[in-house]
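Next up is a structure, given as structure tokens.
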Amino acid sequence: MNKITKRKVESFITERKKDSYKGTYGRVLLVGGNENMGGAIILSASACVHSGAGLVTVATDPSNHAALHSRLPEAMCLPLYDLQQLESMIDGMDVIVVGPGLGRDQRAADVMKTVYETIDEEQILVLDGDAIHLHVNENLPPLKAELIVTPHLGEWRTLTGVPIDDQDVELNHQKVKELNAVVVLKKSRTEVYYEDEVWENTAGNPAMATGGMGDTLAGMIAGFVAQFEHKKHAVLASVYLHSYIGDELARHQYVTLPTHIIEQIPETMKTFAKYDSGKRFV
Amino acid sequence: MNKITKRKVESFITERKKDSYKGTYGRVLLVGGNENMGGAIILSASACVHSGAGLVTVATDPSNHAALHSRLPEAMCLPLYDLQQLESMIDGMDVIVVGPGLGRDQRAADVMKTVYETIDEEQILVLDGDAIHLHVNENLPPLKAELIVTPHLGEWRTLTGVPIDDQDVELNHQKVKELNAVVVLKKSRTEVYYEDEVWENTAGNPAMATGGMGDTLAGMIAGFVAQFEHKKHAVLASVYLHSYIGDELARHQYVTLPTHIIEQIPETMKTFAKYDSGKRFV
Amino acid sequence: MNKITKRKVESFITERKKDSYKGTYGRVLLVGGNENMGGAIILSASACVHSGAGLVTVATDPSNHAALHSRLPEAMCLPLYDLQQLESMIDGMDVIVVGPGLGRDQRAADVMKTVYETIDEEQILVLDGDAIHLHVNENLPPLKAELIVTPHLGEWRTLTGVPIDDQDVELNHQKVKELNAVVVLKKSRTEVYYEDEVWENTAGNPAMATGGMGDTLAGMIAGFVAQFEHKKHAVLASVYLHSYIGDELARHQYVTLPTHIIEQIPETMKTFAKYDSGKRFV
Amino acid sequence: MNKITKRKVESFITERKKDSYKGTYGRVLLVGGNENMGGAIILSASACVHSGAGLVTVATDPSNHAALHSRLPEAMCLPLYDLQQLESMIDGMDVIVVGPGLGRDQRAADVMKTVYETIDEEQILVLDGDAIHLHVNENLPPLKAELIVTPHLGEWRTLTGVPIDDQDVELNHQKVKELNAVVVLKKSRTEVYYEDEVWENTAGNPAMATGGMGDTLAGMIAGFVAQFEHKKHAVLASVYLHSYIGDELARHQYVTLPTHIIEQIPETMKTFAKYDSGKRFV
């Protein structure tokens, strides 16, 4: 098993090019947040914007629009259950995240169906939280997009049928191949299954054990994948950085909240971008 | 009367365990905030999240959902007067706080009845503010849960019938036993009645005499009780820390607002966790 | 004309007493903020809370409740045009501010009538902005409360009929006596007319020339009057401190926003409270 | 082509006059933000307020009012599609910004028509984003106001019909004269076409390539034009300062968000105002 280390991630976060514009850094749509769980998608979207995605749009219940704009005026929004708007919005996107705070009711399933019907092979789909449950339990159209899934252990059991106690790297790897996806398996030392490789996160701590951390990670993954050309590097870097910031904050905080993590993303990415793989500070 | 001191509280706030996850730190439901008093429950919930509770949900009037998510995307919410949703939400909780900004009308009484009917003996109920009034004046079902009550002097009179001028430690203690509850009696030097013991807070100052401080304390108590195994230590630590932060802030602020207190919880807990009972800085 | 100086204001801001509680620092109701001008009453209320008022309630259009709670969970609210709720809320208050963002339409006039009918001689009424216009142009019941008015030069002309170019201290003083009010006449060097005395503010600068500054001052005046026993000292101190903070901020900011001023109130009051009149730092 | 340099901009940002009041610094109306794109107009308005405009009002969809007031209580608002309110509000304004988040539907076109019919030759109109599209594609009344347009390369093509690859300074300049406007052509090195002059921005970096940056610039331009007498200096200064702050932030941030830029405006303007053109620090 490979280790995701600081040195490697420093080489993954490359400097931005001089003549780039916001389109260079990708368009991301985040889909989630029913009327009771709007905070989840707000955290995801905030993480995505702070990670440097070019343009971020959020499909969420209209009751969440005021809170979203209040925290994050950088994002656009659309009403979650307006499937027609959703469909035409998906068209122009590079990355779509579905799941944070989505719920598991019929309306959520209809949203999932619209996403699966509309998304195509040049787009990347990140499945998180409730969307993993719906992926398994709803009768969805075949998926054409590239897939990244971010289950915790219980969701991984839902996806694979393998009880938590029986899950090990080898069996997981086999299931990942059947799923034909990149899998970010969240645990105290998160594992990334990327094609034939397995990577273990070397950062993270129990001060991060609090609600919303997974939503935050999903948003970071989307933001990194949208802007960095090398998809594997993007996934590994976002997983590591999320935990690395948590470790830094935990030196002074008993608990580190998702919003604390999010605020630190731009500065932390900068410190990583200053190094390249072979030598130290440039 | 025992004194709650810094040294003791340092021994109560223990380091988090390595392989823990958010479930380890408890699920808390906060119930309150009618359409005029949403700020109260937002303060309670914020205090609870910043104290390190694993997962926090807020049952409050829908008109408060936008403000709640705007300040605290880490929390989930549900509509306060939807008794069916409330009932099924209570089921999975470790700690339930009822009262901040709840009001005293019939709808509030119906909420209380639902909580009393649903909650069971393995759960902890924190009663604050208006809920104390309703506890006395409404015809509620017998309560199965463990009870923590956080009255100020006037609410203690309502609970016990003892006029403020006649309240003393001995009489209070007797009334506490009749009530069969942990009582946090809020005054300039707050007293905690815990089974056979009485503890006096040694921190606190008049810069904290401002609206919302009690709501904040209720949220902290819930957050501490949810995550620390030793309930007595959790209550004493939260009472002390709330005032300790207030004392630290009052060195530089003429008035210390609840939101100021809340922001300081994660860092202050960390400084306390660095010490253990016998020796100084580890 | 007397000068309001730093030394004097240091003697006006006294330390809080040890056994005080939030009731000691007064109850303030702020009335204003129609559906287009909610920001004004939010600024007033924030200034009032940060000044140390014990308990702050805001009567404003319901469309402003979410933004109010989002910025200031410390405040309670009620719907501006529910005259019955307004009437019963006024009863328990020490100070009532009317005007910021109130508008001048019939509904605003009805609110004013309710305030004038309900308020009694032991309460203090602060009239600001649109309420000054309504005070002059509406047929209101006789006012029993003590009155503080905070006009700018144009509003003072509306109140007195004296053209701006003819306004001078002597004529102003005569008009103040006819009005039977404390008058805070806002200009580049604000003047306070208090009974037989006239005080000139010695602080303030053009970086403060921006929307919402007057609303902020009205909230500070209410907060100070609510908590300090000596009303004259309270008015003079709030007028000075508002400008003093502006001066401090203007050393580093080209424009100082009301929200910047508000944030600095608790710390600035503390530095003033550390001094007493005769000697320096205690 | 002239260069916009730090030295020049330091001479453009002059100290405020002693006896000024908020009216001295202009009244600005910002028009935009439909129900899906409220963040854009919130960013514009925030930039405008932080730039020092005297009084700022925002015509936006009512669903955005809560988020606007929550982030920026300094601004007033009115409902975007109430054309009668819009018309009477335009009357008292010095500068009107139309476009951020406006959308391109019929309702947006009706808003544009109302602005074009109402605005007169003594007012300044800033056209941004969707308003540029509507300016070209809708049958609007002749415009009497002075015009500032802020297109990016694609919008400039829409305005002029010139393909991006054929755009050069000479051809652009000719098109600018036909348009009879000040043009801020946004690109990695932004160009300002002002009458017979062309100015090139010397600041800016790819960390600023993120959604909402253009909305922020439009708000800054409006704020500067409203308060500074010399219109050319105001436009050049706002374009430069927007990028200069971005450069300062990018020293420590991998991506710089619009809200980060906005927060730094008051302090950065102050550092510029401390210098005058001939000598260094005054």
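As written, the chains take the letters A, B, C and D, and residue 1 is the first residue of each chain.
FYI, a contact is a pair of C-beta atoms (placed from the backbone, for glycine too) under 8 Å apart; a residue touches a chain by one contact, two chains touch by 3 or more.
Listed by chain with UniProt protein names: A, B, C, D = ADP-dependent (S)-NAD(P)H-hydrate dehydratase.
These numbers come from a predicted model, not from an experiment.
Enquirer: Looking at C-alpha means, what's the farthest chain from chain C?
Expert: A
Enquirer: Given that chain A and chain D are copies and touch, would you call their interface same or different according to whether over half of its residue numbers are shared?
Expert: different
Enquirer: Suppose each chain is reduced to the average of its Cα coordinates; what separation in Å results between chain C and chain D?
Expert: About 34 Å separates the centre of chain C from that of chain D.
Enquirer: Could you state the distance in Å from the CA-based centre of chain A to that of chain C?
Expert: The separation of the two C-alpha centroids amounts to 48 Å.
Enquirer: As a quick test, compute the distance in whole Å between the mean CA positions of chain A and chain D.
Expert: 34
Enquirer: For chain A, jot down the residues that touch at least 2 other chains.
Expert: 66-67, 70
Enquirer: Touching chain A in the complex: which residues of chain D?
Expert: 35-40, 42-43, 46, 63-64, 66-67, 70-71, 101, 152, 188, 205-207, 209-213, 250, 252-260
Enquirer: Considering the complex alone, what residue numbers of chain C touch chain B?
Expert: Contact set of chain C toward chain B: 13, 16-22, 24-25, 49-56, 62, 65-70, 72-78, 265-267, 269-270, 272-273.
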